[in-house]
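In the two complexes below, chain A is the common chain; its partner is chain B in one and chain C in the other.
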Partner chain A sequence: MRRSALTSTLTFYLPLWAFLVLLLFPFYWMLVTAVRPNKELYNLSLNQLWTSHPTLQHFQKLLFATHFAPWLQNTMLIALGATVLALSCAVFAAYAVQRLRFRGSGVIGVAIFLSYLVPPVILFIPLARIINELGLWDRPAALILTYPTFLIPFATWLLMGYFKSIPVELEDCARIDGATRVQVLRHILLPLALPGILSALIFSFTLSWNEYLYALVFLSSTGSKTIPVGLATELITGDVFQWGPLMAGALLGSVPVALIYSFFVEHYVAGLTGALKE
Partner chain B sequence: MVTVFSTIMTVGDFQLIWIITHGGPANATHLFGTLAYQRAIQGGFIGEGAAISAFVLPVLVGAVMVSFHYLRRE
Partner chain C sequence: MQPQDRERPAGGLTRRRFLQAGVAGATGLALSGVGGWLKQALAQLPPGSYNPQLQLSFPVEPGASLRILRWSQFVSTDQPTYERMAQDFTRRTGVPVRLEYEAWPDVQPKAAAAANVGAGPDIVLGFFDEPHLWPDKLVPVTDLADYLGRKYGGWFPVAPQYGHSAQMGEWIAVPIGAPGSCLNYRMSWVKEAGFDPDPAKFPKTTDEFLRLCRSLKSRGHPTGFALGKAVGDANSWCHWLLWTFGAHAVGPDNTTITLNAPETVNALEYGRQLFETMIPGVAGWLDPNNNRAFLAGEVALTNNGISIYFAAKNDFPEVAADMNHAVYPQGPAGRPTELHSFSQAYIFKYTRYPNAAKEFLRFMMEDPQYPRWINAMLGYVSHPLRAFTNLAVWRSDPKAVPFRDAVARMLPHSYQGTPGPKSARALAEFVIVDMVADALTGRRSVRDAILAAEARLKRIYEG
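Up next is the complex of A and B:
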């Protein structure tokens, strides 16, 4: 009995704690840096991981001397808009590829996956031109329309896998009882696939929240930026990294995502491990 | 598959490089993405930037072909 407790400590809890420390350390550093006064921050002979004079001056600077509130608002609007747009397309696309089995559906499935592999680095210049022609430069709509270029393939691929795990017999039953395809999708598949849809939603939201390149290219005025771009462009002045406000911003910027994760965590794990029990 | 994925993601990386070094010092840390951004958006040479970013394509195609080769063999 005692031995097995020891073994489980060594093989399970020890690696688990090591992993946890490794993963949480950057957040700890972020927090400490955000509350250390500048005098300590730029003095490298001091201990970088502790402070004896915690201060809120960086948060004050971030909130009142930069455009953090509009950035947060923009990021939220863009992430939500792009996610909703992408998911409403992806649900239908995934259903069609997975269930309708028309000629070439397999090829289309692979093509969707391949289009996810095309990095934004290739796409940003052509897209910049399109955005310009549409007159969407420097508007949130520019990003809401461009983020689905990587969100739709990603979400479609994820949902295809999830739809596949749902027994097709359930749908056949509903079809026999006279339901149309759309009714099957709405009343049978969507409720069953809710965990998958939620995880696609969270992933899409996080991806668009963190996106940097498109946001950097398509938004130019200070007030219309997103959090990652705003922080990196306004708080790195030349070669001077204003670590305090930067870290405070990173901390506040990661709070909404963390909240969403913790809110949906059960569904999200179920969505990843997939598989409805028959 | 993971290798292919990470190859593509690394070659097409932008934000890490741009935030940490901006491709400097003296252009020593540029990747295709950062150089293309610098030429096309900051420098105004759209064509040159597009040409640079097109150089990611051979890597992409190569990686995809490798992955298909192994997928088919399995």
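Up next is the complex of A and C:
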């Protein structure tokens, strides 16, 4: 019994705690840096992992001396808009490629995924031309329409894999009972694919939340920026990084994403591993 | 009348100079009429002279408005001052101005999109080669640059190298200035090392400088110079190292790669000795690392803008009191060979209001606006026009003085070539920094580091 406890400690709890420390340390570091006064941040002789004089001055600066509130609002709007748009397209695309089996569907499936590999730095100038012609400069719509260019391919690829794991016989039964394809999709496939859709949602939301290059290029005025670009613009002054407010911004900026993860984590894992097995 | 505080700039209008100008003026009047007189007289004036009688203005288009993209502030007094000046411009001309800010390395991608799309900000304040990446898309500003040069005592030599396009045969950008880089050092530790901490007596040669660094290191006070992808700090000191030994990456023809030379070997061998005095970890240093190490007392000497000093004045007064600045020493080249992040303003041709844009730049570069802005930045940006040498900021704090002539001492990063897409790529890819880092850290031998850099440069310049 004692040996068994030792074994489980060595093989399970120890790696688990090590993994937890590894994953949570960046958040702890953000928190500690965000509440340490500047004098301590630059005094390397002090313990870097703790502070004896916690302060909220960095949060105060972030919230009242920058445009953090509108940045947060913009980022939320853009991330939600782009995610909804991308998932709407990806569900239909994945279903079509996976189930309709039209000529060339396999090639199209691969092509959709390959398009995900095109780096944004190549696309931002042609996309800028389109955004300009649509008159969307400096508007959230510019990003809501742009982000699906990289969200749809990955979400489609993810959902294709998930749809594949759902037995086609379930759909056949529904079709025999007289259901249309749309009804099959709505009443059979989507409920069963919910974990996969949620994992695609989390993935899309996170990518949109953190995106930098398009947000930098397509948005200009201070109040219309997203959190990543806004923080870099106002809190990095030349070679002076205002670490306290930056870490406070990173911490507050990561809260919505962390909340979404915590609510849907089971579905997310199921979506990635495939919940239904034939 | 003199710029800003009405004090005479260095090389200002003395009686002798006035007489010289007068004689030149009289001669010119006789020779070429009144119009020619002015030009002749100004040509005869000594460099640095301020000529307030010159006036220029551009007729602003009716209904004009301007969008300006610029780098976000280095010091907190910058943007408010610039915005007040822009409001002054609006009050005088009726032209509304909208200012947009980005972190300084992020200006270029935005400008690239604007240049390719044909829409975006009317004016951009960018860095280094940017205007030379899209010279045909810019409004020529030769008239404005000539006017400013003549009125404010002439441009420092590097200004036309960045502002003028040989391809277009015109000035395509108005030089704004450069956040200068100097040696930042702790005076007490320099004194402890047996050297005079007075900036005027700081080591002037590379040999003497190495002796100082070794002495500091032996007393437990290492030096620290960034060898990571530090856009400002690493580029600044690595190019200085190369150039001060007489080496350069490319020839004046912009094609011949000249890096593989004995001078480069000498520079890197010297760098290896200097590296022995540095604190461990510099190979991964980015721009903020040396600030933190210096303020934490980990290093006694580094290269940086004046930002460390201002951070120290705010939060570490004891460090501020004990630190000072000095210019880089000179090696076998025997002259200043510094690189600083050079900023200039350019106007895109797609603007509907080119005259308003030029008028804005003229207004902002003139006395008293420009001096007010530079003074507000507390010495972070050095001026490109000679007449601004004696601004209040350069006299208010002796520790800022070494930054004053940064533009006068610098070479363009494309040296010996001219700025353009190729030199922009070489800088963006950190070719010189990587070579120095490889050789100094021992990742490669000196010879291999040079050969690797040479191959990369050939791909860029000859490809």
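Note that the second predicted complex is superposed on the first by the 275 of 278 C-alpha atoms of A that agree within 3 Å, B and C clash if a C-alpha of one lies under 4 Å from a C-alpha of the other, contacts with A are read in each partner's own complex, and residues count from 1 in each chain.
Criterion: a contact is a pair of C-beta atoms (placed from the backbone, for glycine too) under 8 Å apart; a residue touches a chain by one contact, two chains touch by 3 or more.
Treat the numbers as computed from the prediction; the structure is a model and nothing was measured.
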Once the structures are superposed on A, label A:Glu234 by its partner contacts, choosing first (chain B), second (chain C), both or neither. second
If touched residues of chain A are counted for chain B and for chain C, the larger one: C
Regarding the shared-chain residue A:Leu44, is it in contact with chain B (first), chain C (second), both, or neither? second
Should A:Val21 be classified as contacting the first partner (chain B), the second (chain C), both, or neither? neither
Which partner does A:Leu114 reach: the first (chain B), the second (chain C), both, or neither? first
Check the residue A:Val217 against both partner chains and state whether it touches chain B (first), chain C (second), both, or neither. both
Taking the superposition on A as described, I'd like to know which of chain B and chain C A:Ala128 touches: first, second, both or neither. both
Let me check the overlay on chain A: which residues of chain A are in contact with chain B and also with chain C? 124-125, 128-129, 213, 216-217, 232, 236
Can you check the complex and tell me which residues of chain A touch chain B? 114, 117-122, 124-126, 128-129, 212-213, 216-217, 228, 232, 236
Can you name the residues of chain C that touch chain A in the complex? 67, 69, 72-76, 98, 100-104, 106, 109-110, 112-113, 116-121, 179, 230, 232-233, 287-288, 291-293, 295-298, 304-305, 307, 311, 314-316, 380
Could you please specify the touching residues of chain B with respect to chain A in the complex? 5, 8-9, 11-15, 18-19, 31-33, 36-37, 40-41, 46, 49-50, 53-54, 56-57, 60, 63-64
The chain A residues in contact with chain C across the complex are 38-39, 42-45, 124-125, 128-129, 132, 137, 213, 216-217, 220-222, 229, 232-234, 236-241
